[in-house]
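Note that the chains take the letters A, B, C and D in the order they are written out, and that residue 1 is the start of every chain.
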Amino acid sequence: MKGITILINCNDSKGIIASVTNFIAQQGGNIVYIDQHVDRVDNMFFMRLECEFSKSTFAVQAFQDVFSEVIGDKFEMNWHLYDSDVKPKMAIFVSKYEHCLYDILSRYSANELEVDIPLIISNHPDLEHIAQSFNIPYYYIKVTKETKEAAEDIQLNLLKEFKVNFIVLARYMQIVSSKLIEEYPNHIINIHHSFLPAFPGAKPYHSAYKRGVKIIGATSHYVTEDLDEGPIIEQDITRVSHTHTIKDFILKGRDLEKIVLSRALKLHTKRKVLVFNNKTVVFN
Amino acid sequence: MKGITILINCNDSKGIIASVTNFIAQQGGNIVYIDQHVDRVDNMFFMRLECEFSKSTFAVQAFQDVFSEVIGDKFEMNWHLYDSDVKPKMAIFVSKYEHCLYDILSRYSANELEVDIPLIISNHPDLEHIAQSFNIPYYYIKVTKETKEAAEDIQLNLLKEFKVNFIVLARYMQIVSSKLIEEYPNHIINIHHSFLPAFPGAKPYHSAYKRGVKIIGATSHYVTEDLDEGPIIEQDITRVSHTHTIKDFILKGRDLEKIVLSRALKLHTKRKVLVFNNKTVVFN
Amino acid sequence: MKGITILINCNDSKGIIASVTNFIAQQGGNIVYIDQHVDRVDNMFFMRLECEFSKSTFAVQAFQDVFSEVIGDKFEMNWHLYDSDVKPKMAIFVSKYEHCLYDILSRYSANELEVDIPLIISNHPDLEHIAQSFNIPYYYIKVTKETKEAAEDIQLNLLKEFKVNFIVLARYMQIVSSKLIEEYPNHIINIHHSFLPAFPGAKPYHSAYKRGVKIIGATSHYVTEDLDEGPIIEQDITRVSHTHTIKDFILKGRDLEKIVLSRALKLHTKRKVLVFNNKTVVFN
Amino acid sequence: MKGITILINCNDSKGIIASVTNFIAQQGGNIVYIDQHVDRVDNMFFMRLECEFSKSTFAVQAFQDVFSEVIGDKFEMNWHLYDSDVKPKMAIFVSKYEHCLYDILSRYSANELEVDIPLIISNHPDLEHIAQSFNIPYYYIKVTKETKEAAEDIQLNLLKEFKVNFIVLARYMQIVSSKLIEEYPNHIINIHHSFLPAFPGAKPYHSAYKRGVKIIGATSHYVTEDLDEGPIIEQDITRVSHTHTIKDFILKGRDLEKIVLSRALKLHTKRKVLVFNNKTVVFN
């Protein structure tokens, strides 16, 4: 069987579900899974379908053409179709922190993540040995104020060369430029080491310590032009107390960052995240 | 608009979703929400639909008849239709512990629970004053070894008289008889003061203390003939440590019991729980 | 036996623990429990001791005098001694929301909270019936822009008349004045319906919904002049998703508010919270 | 300064804290941290002290002798003294699962764990490449029914040769023999992939799936003769639902296993765990 996943969002109106499901049936497909959500405040409709078709008769391009004509245009949908046999290609951006990189790669090598990782890009040479031990090409591209634009062009060329579908910033300590964000809208996943919107910026653990909070968190979100303000994919927290130093906060935070980022990656790679109005619909 | 909710389960087969959604559309309905699950191990299909119909033309009985003929029989479905305007009637059974009763009634008086509570039944007179302060009839029906069967007949008569749809055992310290369970299959909700299947039975906090666990929990489940073995609706946990006494375990546990039971009640009253094979599908 | 609890904080220096414990032993006391913390950043020492003395020979005033002379002055301590037999007197301030009030009073009536509650003060008459059902005097003191100062004088007189030791704002929807805060420094406990410092202010659930967060929280803190900036006693969180409306956020939030506030009350009444530098040390 | 940590447990009696703290002061030491617990049910006293002494004058052996004579014998204490400058030596036992091994070693290489890891022992050759990439000797010692006893002798010799202080079973799929347990009482740390005491034995995720639980957990405990019944050091949980397959349970469980095991290791290496009566006192 041929598996496909369809993501849809459009203005809500009567009969969308019946139209879509009926169309799939008419095309000889079987709906394996359907998730749906209506945002009543914004009157928006969201749907995710997993379908199966007979391999012998199904043609992706033909299906897309008919779907667009019969369904997509009628309801003015934003929609995407993904072939379940094709793994997305993910680039990892890192700097000097290794914990998220190790976590991603050990999951990757255990076949936990349904992605290909064609390359790792870093603004520092420090973590190349880790990339090597997992046999993944590591591109050290130095970034300074003066070279930032040129560096990004090199990055973009690499991303195109390797046909990268989305990017994970695994504690990449550089602000990503508009150019990259425009090439990968809602396709750059960041892990922020705080419980956004509390403590945005560079030193959240220090701020959290100073404020005397009893719980710290981490947030994975899509990168947008507004720093630390992109759509939130996943968050989690852990307890802290007066007994913990800033160093303890950081260590506890690292465990959170790894977990939260890996969950966001899984949701994204399984096409379970839709974005609208700077918020996510996560079909989990 | 007239709102209805339909719960379905049957063997999985091709085309169910399209058939059902198409049928609703043909009947002039609009699907507001659809939840669906396929259990691949048991090859079972589960669905929950919220639909809206025009009040002027919709007739529940006629709809049910056609649905049964066209859809239900074809796929050999177990299905139930609920009218969204009709609140289910819930009986509360209590003994001497007041925390769950207070919690349910304060939510009820704050319109948090979409139920009617026509009566409270107890095997002790102790909590009648609470029932009175919320203006709910309180029936004290003494239960002893000798009177147990007679007492249950009185209970059953009351439940019929008040047209009770489901029962919550809010720390009711009696084992419920087969007769009552048969009248209310998967419609008696219990809160067990442990993290089942760990520590079943009557004194779980004492057992948990003795074992030195670091986390205790509570479990809400439907009551079946097998004590503490019914389908689990909801569970939650809280941390404990060596500094906590059994009394602390009990107090912390009570907070859990209240929360877990109230969540289970909300899921049940919103028709979000389906039962199959002694497990629940919870569309949350 | 006579039980006392001593709270201490002072600059850290060598020998404090030995001096204090030795002093207790010399006075014929037995240390039942000792908690201690050193804040290395601020070089501050914190300690909480529970001690037992023979009832026949122990005199609180004499003990305090000697302790002050021998220990307190030497180490320039802030210290407080509490008699374990004396329950603190707590005033509840409410407005129209009933969930925290119900929660506190049902715990109170179940002897879960070691306090006396001599009165409830409100700027609305709405919840008087609840106070009555628990037999607690309810003072409705209207607060408007014009009457605010006069109203607070009435409040203060009542608090003095009833010898109130500390105040809980159980969703009291008024900003408390400096005068009250100065009378009760670090003795007014508030529940803020957000996960501070995220979403301060009046409508945190609306802000959280708009931001699309995946977790919401509640925070209990001591009230200071800086609104929503006082020392945090306790926080907790719950998960939310795109399926939840603002109303759902509010309902889930209420459960959190109740739990978090009740935990803060227990910590405070058991003298387990020390405040320094706008942060708490919580010996839990 | 010279740092030492002392762990004490004995029957509770009057004056222990004052005696110990006074003794430390007399020896010229400064108590940096004191944790203490009294188990009222068993009338047992537990204490953990971190002290600092002047390096020029402090002699460990002399201190131990005097402590034993003046304090230890008087109160019939079990007590241990640890030199803060000496890292414990930890052996890792693994089989084929790599997730816990990767997690431990990446923490180790990030200096998060205060241990030395002189060797890794395995009953399978599969994970040697991981050991190599972290430059740690890997001993593949095949274990069959026939060779089990001989294999354990080889293991024991290696442990002695490398002066191993404690052992972590990082998903080691063999039952450890009495001989090893007797050599390392409460010094073999296991991670059990279930929320003990629920679902003991080899396939807890399958059992949890079958029971339809809503929460799964992991447990780290000291290994004793009674399988899965040793003192619990740490537990944690994660939510599951009907949408998760057994494979999902296993993947979610792995994340838990890593976190729970690493927390237990940190507690153990910081000498924060005392064992009495098959339960732990964890000074955290």
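Methods note: a contact is a pair of C-beta atoms (placed from the backbone, for glycine too) under 8 Å apart; a residue touches a chain by one contact, two chains touch by 3 or more.
All values reported here derive from a predicted model rather than from experimental measurement.
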Would you say A-B or A-C is joined by more C-beta pairs in contact? A-C
Could you figure out which pair among A-D, B-D or C-D mirrors the B-C interface, over half of its contact pairs being identical by residue number? A-D
CA centroids of chain A and chain B: separation to the nearest Å works out as 37
Chain A and chain C have mean C-alpha positions lying a whole-number Å distance apart equal to 42
Going by the contact rule already set, what residues in chain B reach two or more other chains? 243, 284
Would you mind writing out the residues of chain B in touch with chain C in their complex? 98-99, 102-103, 106, 109-110, 112, 133, 243, 251, 255, 259, 262, 284
Can you name the residues of chain D that touch chain C in the complex? 14-15, 17-19, 21-22, 24-25, 30-34, 36, 38
Using the touch definition from the top, list the residues of chain D that touch chain B in their complex. 37, 39-41, 195-199, 211-215, 217, 231-237, 241-243, 245, 278-282, 284
